[in-house]
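Next, two complexes with chain A in common: one pairs it with chain B, the other with chain C.
Presenting the complex of A and B:
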């Protein structure tokens, strides 16, 4: 090992490969920049959907909606995920990152793709939204920019796999790779399928846009595009669950309740998670009910079960660690005495609860062919994915960033008081966005529509007054979420620029807790149960899940009476 | 992996652990499963729709 290429992290003791670290920093910084850009566009979308404000004219609304979707759903998320998979491989496995020079090529392709995409969308002739359904055409550079970005991301994934090979060959770890690295590997595996699917459909669409291909079948486009569009969000699920496990270990010194169970749950993601893409096709006439039901109701439920396993084992591991450290009274002392002022923990826990209760439960409702019809293509859909991708993934990535700034960048966080509250501000705002969009969708408000009042079109539809109230509440929640998101960007950028340099100094309190020992774990629990509080929370979750599921069936029976 | 999960050196590593420790088999499964169940099945259904006359 060339010691000039490594530094020892004073916080964690990890050997950090300096060329790899520079790549992680570049990807993480780019991620935050695109989050900021996408968040500003999101404010435009939210204020336009607020009927009393109705900020933007129709053409600008669709432009801003396109830019918002691509910047936050693709560019912010994937840049951060590349930083994360490099960290989870090279740093956690104490080895060098494979081919850093190629990593810079990948970063360059992604950056050029993202900037070109923003430029071309702002020109105004590519307001096709993120889905860019054919035959609606965009500028050829729109498709080319996405292809460039995807190629860069694919190279990043293979650098991750190459790093795994290096770590194994150089024996930098014993036994199996750590669970957090395993979760990152699952994210990278899903990313490979996602990007290949994107190439299968976006390359012909690019050729169609320049006139070299005569026709793109809209149904075929939708089917293959969603293997890219929805699976890209499944990369997030694996990545943010890897972060949940990481935060449990770093903040509490928690060991997973069962490595075998957690890894098996990740295996179920590998096999089944991407199949949920079919829920976008549940009302498409060209594919059979067998295809729809197998991929959603049967296969997807196995992936849902895996998510529920993670939702049980992560708080369970935290509870066991807290009880082992002395917070063993009653059902919830472990939770009430948790470090709620530490944004690394509070962000992670808000992510866990929001993803499970809001994103997870509503995702199952959307994945059932019969009850999907109640909300298909309504605002319920963006309500659902703001719960999964923003409240779940973005919140977890924000939490991890608070930890990475002192560890990777060796800068102390600034504005720590604001950082304590930021996860709550952003979490509350985004919970409102999710709930009120889903509420409006349940009342039939369509998604992707500039004006639900259809002003000046000669056609009208009377939505219930509650729908307009929901949209106003959504607008207010968007403002709150943007304040939370902007606070995050300001804290991180200011910390990187002006935060006190930490050098070789170790942070206080420590950024990585000592792992709980087997001796400490002995005798914890209540009434013979090791993690009774988590089991209680799980029962509440199941009750909410069952109630919401059957309420939707009841609602369906009232929509379509059976005689 | 916690220390109690590490098998003794002479003991054969269980099949599931060998599977979960091999990133390239998992990569194959992670691409093959949705490729067959979603992409190929979906494409076959769409191309089998009769053309309108």
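Presenting the complex of A and C:
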């Protein structure tokens, strides 16, 4: 081993490729910076929607909403994912990262793209929302900046694949790649599909914006844009589920209940998740019902099934490990004795529950072809995806960051007391955002709308008073979530700058738990089941899912006849 | 451990945990059920969007809408004096979406069905009928024909719920439902 190029991680024993590690750090830091920027924009959105505050004028509201979506949904998440896939390949496989120089080119393209995009949106002539539906047009640089960013991300994906090839060729691991790396690989494969879809639609739209293409069909735009837009959220799902498994291993020393089930579930994402473009076209003209039904169900809900399987196998792996460690009493001792004060675990668990109960159930329900009639483009939609992308993905990424800072940067976390509470503050705030937006959406309040009082229209429409209450509660939840998000950014930045240097000593308590041995797993569980507590939780989940599903059909049956 | 390669190289032969099998069976059956629910509702349900769509230019669409307005206008609505159109039950009626208004005001009879045509003259818009809470995408170049059957008399609002630029929140229209 070349010690100029590698160091041995004292926490995990992994051989860490230093040039690769620098790239992981750069991408992770950029991610947190864009989270901070996007979060500030989000505060502007929430305070404007709060009727009593109504902070920003209309033009600024639409500008800030555009910038919010792009910074958090694209820049924060994809920068972090690049750091994550580099980590899952180079570090977990004890391998050198392929072509670090090209990695810097990728990073540079992404950074230039993200900064240029922020600049051009702030100019005020590109307030077209993240979706930029044609024929509404933005500044040509708006599309160009996204293309630059996407090219950078695509290079990052291929560096990941290259690293897998090197690891295999140089035999840096034995047998199969770890499950977490497998999940990251699924994320990267979906990312290639996603970015190619983005290129297919954004390059012609860029050419249209400079006058070289005469017409972009608006319906075609919607379909292909969402092959990019929705699939990019599926990258997040794969990535944050890989993190769930990673946290189960790092905090508890857990192994998956069975490799076969978890890996097959990941594989189903590759096969079926891309169909989700159609979730956004369920009330569109020109798209047949047959096409809508097949695709919105991900071909018989096979991708939903995959997520529900992970929803069992991740807490199941934790339960088995905890029981093996002696917390074997009753149904839930494994859970009550979990390290709730460790933000790596609490963040991951909030992500698991929030993604499943709030994001997952609502996503499947609104993705039923006919139920979507009640929900399309109402505030319910942002309510749903704040549960998936923020409570699910962002919360999981935050949890992982708490673990990565001491491991990669060799700095101890500062403000540990605040860090202990941060996942709860952010999680509670974002749960409120999600629930209250969905509540307002159920009452028909439109999304991306500056004034539901309709002043200046010469007409009146009164939404129910409850809708205004929901928006006020949403505003308060936004403030709480922003406090939680800002705490995260402050803790991380302060730790990087002022955290005690950890050197080559192993931290105490250990950052990575010892693996639970096969011997310890013997004789755990209740009534012949190894993980009865988890099964109980998933049955509660199923009951909530089914009840909510039928309530919405009932609600649909009460509106006008539509045929 | 999930961050390490499986200790058993041939992990495919490991038995599946019993809890997993129970859960996989439940979610598979649930998935099949939910898949079946959508075509089932097409057969028994009263709320299903149709496939009927035509390509159209803004000029063609406006001409058709104008013709219906010329034939069946019965009054005016609000300070903007938007024509109120009362078409015969069962007929084709046209709703025009444009920056930033819905035109004209349709007056429909409760319990009757109408073939409501939806298209935009410029950008994308969102037809959101409140408080009935029926939401349909309105796309330029495409004419969507949706048969609506109002179930209660009253004054309904048409909110635009697809962002359409700086005046998006000013785009409010009306739809009236009267007893026969």
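Quick note on the criterion: the second predicted complex is superposed on the first by the 556 of 563 C-alpha atoms of A that agree within 3 Å, B and C clash if a C-alpha of one lies under 4 Å from a C-alpha of the other, contacts with A are read in each partner's own complex, and residues count from 1 in each chain.
What we mean here is this: a residue touches a chain if its C-beta (ideal position, glycine included) is under 8 Å from a C-beta of that chain, and two chains touch if they have at least 3 such contacts.
A quick note: this is a predicted structure, and the numbers were derived from the prediction, not measured.
A simple residue count on chain A separates chain B from chain C, and the partner touching more is C. Legend: residue contacts after superposition of the two complexes on their common chain; A:47 is shown touching neither chain B nor chain C. Contacts of A:283 after superposition: chain C is touched, whereas chain B is not reached. Of the two partner chains placed by the overlay, only chain C lies in contact with A:458; chain B stays clear of it.
In the superposition on chain A, A:295 contacts chain B only, with no contact to chain C.
In the superposition on chain A, A:33 makes contact with neither chain B nor chain C.
In the superposed model, A:219 makes contact with both chain B and chain C. When the two structures are aligned on the shared chain, A:267 is found in touch with chain B, with no touch to chain C.
After overlaying the two complexes on the shared chain, residue contacts for A:164 are found with chain B alone; chain C is out of touch.
By the touch criterion defined above, A:196 reaches chain B but does not reach chain C. Within chain A, the residues touched by chain B in the first complex and by chain C in the second are 174-177, 217, 219, 255, 259-260, 281, 286, 288.
Against chain B, in their complex, chain A makes its touches with residues 161, 164, 174-177, 182, 185-186, 189-190, 192-193, 196-197, 200, 217, 219-220, 223-224, 227, 231, 255, 259-260, 263-264, 267, 270-272, 274-275, 277-278, 281, 286-288, 291, 294-295, 299, 518. If you check the complex, the residues on chain C that touch chain A are 1-9, 11-12, 14-20, 22-24, 26-28, 30-32, 34-35, 37-39, 41-42, 45-51, 53, 78-80, 113, 118, 122-124, 126, 128-137, 139-144, 146-151, 157, 159-166, 168-174. Listed in rising order, the residues of chain A touching chain C in the complex are 12, 58-59, 62, 92, 127, 129, 133, 135-136, 173-180, 217-219, 222, 245-246, 248-250, 253-262, 281-286, 288-289, 293, 296-297, 300-302, 304-305, 308-309, 312-313, 316-317, 364, 368-370, 372-378, 443-444, 446-452, 454, 456-459, 461, 463-464, 515, 528-532, 534-535, 538, 542, 545-546, 549, 553, 556-557, 559-563. Contact residues on chain B toward chain A in their complex (touch as defined above): 1-2, 4-6, 16-17, 19-21, 23-24, 26-27, 29-31, 33-35, 37-39, 41-43, 45-46, 49.
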